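Chain naming follows the written order as A, B, C and D, and within any one chain the residues start at number 1.
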Amino acid sequence: MREDVIGRSRVEDTEELERYYEELRKFDAGALWTVANEIEPWYPQPRSVPMHWRYEDLRPMVLKSASLVSGDDAGRRVVMLVNEGRQELSAAVGLLYTGLQIMNPGESMTAHRHAAAALRFVIEGEGAWTIVDGDRLKVGPGDFAITPKGTWHEHGNDSSQTPVIWQDGLDIPLVNALDANFYEVHPELHQVPGKVVNTSLLQHGAGILKPDRRGWSKRYSPLLAYPWEMTYQALLDQAKVSEGTPHDGVIMEYVNPVTGGSVMPTMGAHMQLLQPGQATQAHRHTGSVIYHVAKGRGHSVIAGRRFDWKQNDIFAVPSWAWHEHANDDDRDDACLFSFNDFPMIHSLDLWAEAAYTEDGGHQPVG
Amino acid sequence: MREDVIGRSRVEDTEELERYYEELRKFDAGALWTVANEIEPWYPQPRSVPMHWRYEDLRPMVLKSASLVSGDDAGRRVVMLVNEGRQELSAAVGLLYTGLQIMNPGESMTAHRHAAAALRFVIEGEGAWTIVDGDRLKVGPGDFAITPKGTWHEHGNDSSQTPVIWQDGLDIPLVNALDANFYEVHPELHQVPGKVVNTSLLQHGAGILKPDRRGWSKRYSPLLAYPWEMTYQALLDQAKVSEGTPHDGVIMEYVNPVTGGSVMPTMGAHMQLLQPGQATQAHRHTGSVIYHVAKGRGHSVIAGRRFDWKQNDIFAVPSWAWHEHANDDDRDDACLFSFNDFPMIHSLDLWAEAAYTEDGGHQPVG
Amino acid sequence: MREDVIGRSRVEDTEELERYYEELRKFDAGALWTVANEIEPWYPQPRSVPMHWRYEDLRPMVLKSASLVSGDDAGRRVVMLVNEGRQELSAAVGLLYTGLQIMNPGESMTAHRHAAAALRFVIEGEGAWTIVDGDRLKVGPGDFAITPKGTWHEHGNDSSQTPVIWQDGLDIPLVNALDANFYEVHPELHQVPGKVVNTSLLQHGAGILKPDRRGWSKRYSPLLAYPWEMTYQALLDQAKVSEGTPHDGVIMEYVNPVTGGSVMPTMGAHMQLLQPGQATQAHRHTGSVIYHVAKGRGHSVIAGRRFDWKQNDIFAVPSWAWHEHANDDDRDDACLFSFNDFPMIHSLDLWAEAAYTEDGGHQPVG
Amino acid sequence: MREDVIGRSRVEDTEELERYYEELRKFDAGALWTVANEIEPWYPQPRSVPMHWRYEDLRPMVLKSASLVSGDDAGRRVVMLVNEGRQELSAAVGLLYTGLQIMNPGESMTAHRHAAAALRFVIEGEGAWTIVDGDRLKVGPGDFAITPKGTWHEHGNDSSQTPVIWQDGLDIPLVNALDANFYEVHPELHQVPGKVVNTSLLQHGAGILKPDRRGWSKRYSPLLAYPWEMTYQALLDQAKVSEGTPHDGVIMEYVNPVTGGSVMPTMGAHMQLLQPGQATQAHRHTGSVIYHVAKGRGHSVIAGRRFDWKQNDIFAVPSWAWHEHANDDDRDDACLFSFNDFPMIHSLDLWAEAAYTEDGGHQPVG
């Protein structure tokens, strides 16, 4: 990729050079100038594209999977969502993976753990439980839960009637890109949970008070589940005193109450509230984001394309793509759950951001 | 103080030495060995003694002050509690100050700020308010509030009928010992508060979710008031899954939700719950503590002396004094609010601690 | 990839499933169980293989490039070293890039900057200079220098006789994998350096004393060049009091003197000393490493393959590959410079490590 | 202390109030308004005054002590320097202690440790050694060494001819004010040092390179001695690229190479260089400082008083006192060593600072 700009590679191929390149290949070497402009782009060139998955499309497919394969055989019965530009990595956007997992009434999975970190956002069903390092959690629609790196986990549905469907989010493609993934099946196949359910919430849910001297030194939140009711209330409270940011409205991050930081070192999660009729202004930044419509209906414009969404739809914003969100309901608020790789981007000091300033902050829709 | 131990000062006074000492004094100098054993004690030698102030004694005196002096003339109308061994410093224990402040119905104070940090624990009255850096807070019995170093503050009572009494805690003696106190009267005498009451609670009270990108970089908690209901519920939740520590029972620290650390860099605060009939084991540690009985009745043994307390009593534990607490009610729990200088002790790496191991952890009462 | 183990995916393909998979593809979805065992491997499965580049092979090729293309046209005249398993990423190992850059006598490059971070290890030539954010550095053989993310940089050779060859190390593949790369040509094409050469070394080279209140808040080291003499002396000093680690001998990390941490958030660098005849024991860990033989001769065994190296050779160890090093000279020490992605691996909490315990810590060589 | 200002205490004593105050005393209580203006001053009111101790006065007294008492009987043979306003605390300024210690040729002290932290600045004698937690250090004139809190230490002089005199600095008054001092005599009276002298310097003296994975987690510097030569060279290097600050000239802080922070959590130390003829401008700040003239001659103006100093003189600046320094030699530089309580002041967020802006930054001398 020749660019006729000083400071960029402008070498034209010649026969002599071709011979030289061939010789280099023998020594497992190459000429930087043949790829420099590509691997040092002017700005990020993600292969990921904006994506939108409709729950009305996915739900029947997910339900179908529940009859086609047993959870036992599948490991977990998950329909994964794959970015058109990231199929070889099974990524939904950037280096993030997501999927919809279903568990039939009465079903449960075996326990395992891995170096990849996981999170869940519950969509439907009342019987969902998960045991994370011995803490049995009950979770329902709108709840957010985490399964940090290296924690034993197993899930199930103790309802006798309705299936559970939740969204999984993992950093599998990232951890694989870093050649750092490990996997283990639990030696007993199942954990023995403690007697009390939702221990982590009872211990750490107060947030503004912490257990004295608990000596937590792990790199992730000891709080493992964040109920929808507390989350939505926090947004309503926040909305009483703040308009939030121009690009996101009222937005809050789920935090590790021990440090005030993100829930895990590779992935963070947010919930944001769009007031009736609110339309945010566009911005873009490094980092990839997967959104889940937790409440309401509206649309987002991503890289100039409009996506109309409603509850339980999922959409993805690649790094450095312009994006803006609108609540299309004039009477009720809308809530977007999202997870992202921002903690990593910040750890590595790779955050960059820009506001879209033309036309009141709104992109032309192509 | 001569001690006949190798490694300690054992010099006996002689006439020659006396002459030498006198000569040294001319040069603003002295001989270390004349004071070494005193200033390098085997273990801490606080001048503070254990103290107990009964609310039934103090309340009439506090009410009386409300008729004797105007709040305006007094600056603030406060009965301060003074340790027998710390009168020259106006300290309740160690380098901590405490007092009971009263505000008559309809009264309000002028605004000021200082380098000393303050905290409040509300005892009675429904009309209490305080404006801290423009945030108007409403506080009631059992609520804990902070006025960090350098924040403008002014208080009042908007009840038409009942006085407000709360306990003040400050690090005035510490900040004076460090020659670092400053004081300013507000140029307008009063702040203009924001429209919404309890902004800090609405913004930061969720604890497990934080406002995105709020950019808080101050060294104290942006959450300024911690309601009693949330605090007591957090203790009850915690008690479902933990017995707490042997020396304190179920105990939680009020935290800065941005960092998970103590509310201010010089002082921290806790609330602890003693189950019906529970008696903790004795321990001791560096750091000074002032307790306020938030609920119930019981007794504490401090340095071998027994103090029987009931609601709203205040007592103090000096550094390195053995202490243990008991709830003397068989049917109801008891709650102790306390504040301390632990954040400073830990910053300076001066924490030391020991458990009392004899006799099941209980001191003989002399 | 079917694995007949409970807790792994064991679903066999059927016609009905094939139809289901096809239907999923329409919705940009897939069945996790078809790829689960691959993307959740039992342990890291790097595509990178161990590599060894001989300087005697590379040097003629590098010299040849200097006559084939102008530095101006090439951007920079660099022979890059490419892992057999990472050609599509232009990576030497993992997500690390490396290459050999040559500058003819009197030559200089234009200034630019990028989100990717760079480091240099100088091999030969006395005239090398680099200007990093206005600080002009002179560097010679054995010196280590950094060009952190976002710093303007330009290089040159002010010798009239000999070319400069140095090794570049960059995190380009990583920053591209994270879709976070940016590139800018300096608006004036060249910086105006300060009057004093090696300012950063004069200001920060003492290490054990720091400029008071310099207020450095950037995420990388303000010290930009680390001379060979100081580095080698530090190793000799260290060797007087420590045998180092069993797997690396006496090894020291180049640090940011402001924080004591790694020089940059994505890459770290070490220098290690192997005593005459010393052979370390094998270990493996997550993280990728590129070594440069700074002094001496010896061999390394990587994933069971033996590589005999001498001065200025380069070799690479992939994540989770067993590796051990030996100095084959009985009379002189050997020094290995290396750089790695460990700071990132630690930030993301992905470090894992194991010692090779059989056969005295030595792998069988296949 | 009545002040006729709104927002300050303005209550006049009456008979009724006197009776009330007496009643309060019975309950270990008092009226805040009787002391409020005193304990909440407009700005710091240190009892410490500026001090200057001439080495020509002190040296003979110190030498005399060596014949008057045995080191063994004295514990350590130290002439302590006492602030006129701090005699009851044996403090030189604020809550800092300092003294001059002498050891006769061939003498050595027994080992002990304490919660108070110590530092040394060597004045004369070539035979000084100290063993700190088993590391035997040799120190000479101009060297700075630390004995952090809780480390076993013992000193001696292995010269056969000349005595050793050094300055001790300790935080004894601070640690006592916080009721946190402990003292222990070594059970064996002496430590067994490691074979290599100055281990800490060999391991950590490089500063810009650190031993890999050393796992140092203590709160103080693992580097225990900072040689004069390295210190002076660092100042000369710094002076080539920076004029330093207007109030201190070229000034550097001795740091913990693991963290880049101060050497100990309670006390920090600096060395500063005044160019020939240089006179700094006055400023003031919280925090107390003790200076030692390491090189040259000059004067300082402290709170409007002029103190003319020469090599080995000691002087002290109280909190919030204006101060400025001048090198009165036109041909040679002057160096001031100093130690302070700044790390504590910063930990507790009590730093305040102001520049003297009138008259070119120079105080009138009264």
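The working rule: a contact is a pair of C-beta atoms (placed from the backbone, for glycine too) under 8 Å apart; a residue touches a chain by one contact, two chains touch by 3 or more.
In UniProt terms the chains read A, B, C, D = Gentisate 1,2-dioxygenase.
Computed from a prediction, not measured in an experiment: that's the story for all the values here.
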{"item": "Touching subunit A and also subunit D, the following chains", "value": "B, C"}
{"item": "Those chains which touch subunit D and also touch subunit B", "value": "none"}
{"item": "Most remote chain, CA-based centroid, reference being subunit B", "value": "C"}
{"item": "Chain centre separation in whole Å, for subunit D relative to subunit C (CA means)", "value": "44"}
{"item": "Subunit B and subunit C: spacing of chain centres that average the CA atoms, whole Å", "value": "53"}
{"item": "Whole-Å separation of chain centres (CA-atom averages), subunit A against subunit C", "value": "30"}
{"item": "Sequence positions of subunit C contacting 2 or more other chains", "value": "none"}
{"item": "Touching chain combinations (by label order)", "value": "A-B, A-C, B-D, C-D"}
{"item": "Complex contact set, residues of subunit C against subunit D", "value": "194, 196, 199, 201-213, 223, 226, 230-231, 233-234, 237-238, 240-242, 245, 248, 251-260, 270-271"}
{"item": "In the complex with subunit C, residue positions of subunit A that touch it", "value": "5-11, 16-17, 20, 23-24, 27-33, 35-37, 39-46, 48, 51, 53, 57-58, 61, 64-65, 68-69, 72-84, 90, 94-95, 97, 99, 110-112, 114-116, 149, 172-173, 175-186, 189, 219-220, 265-266, 286-288, 318-320, 341, 344-345, 347-350, 352"}
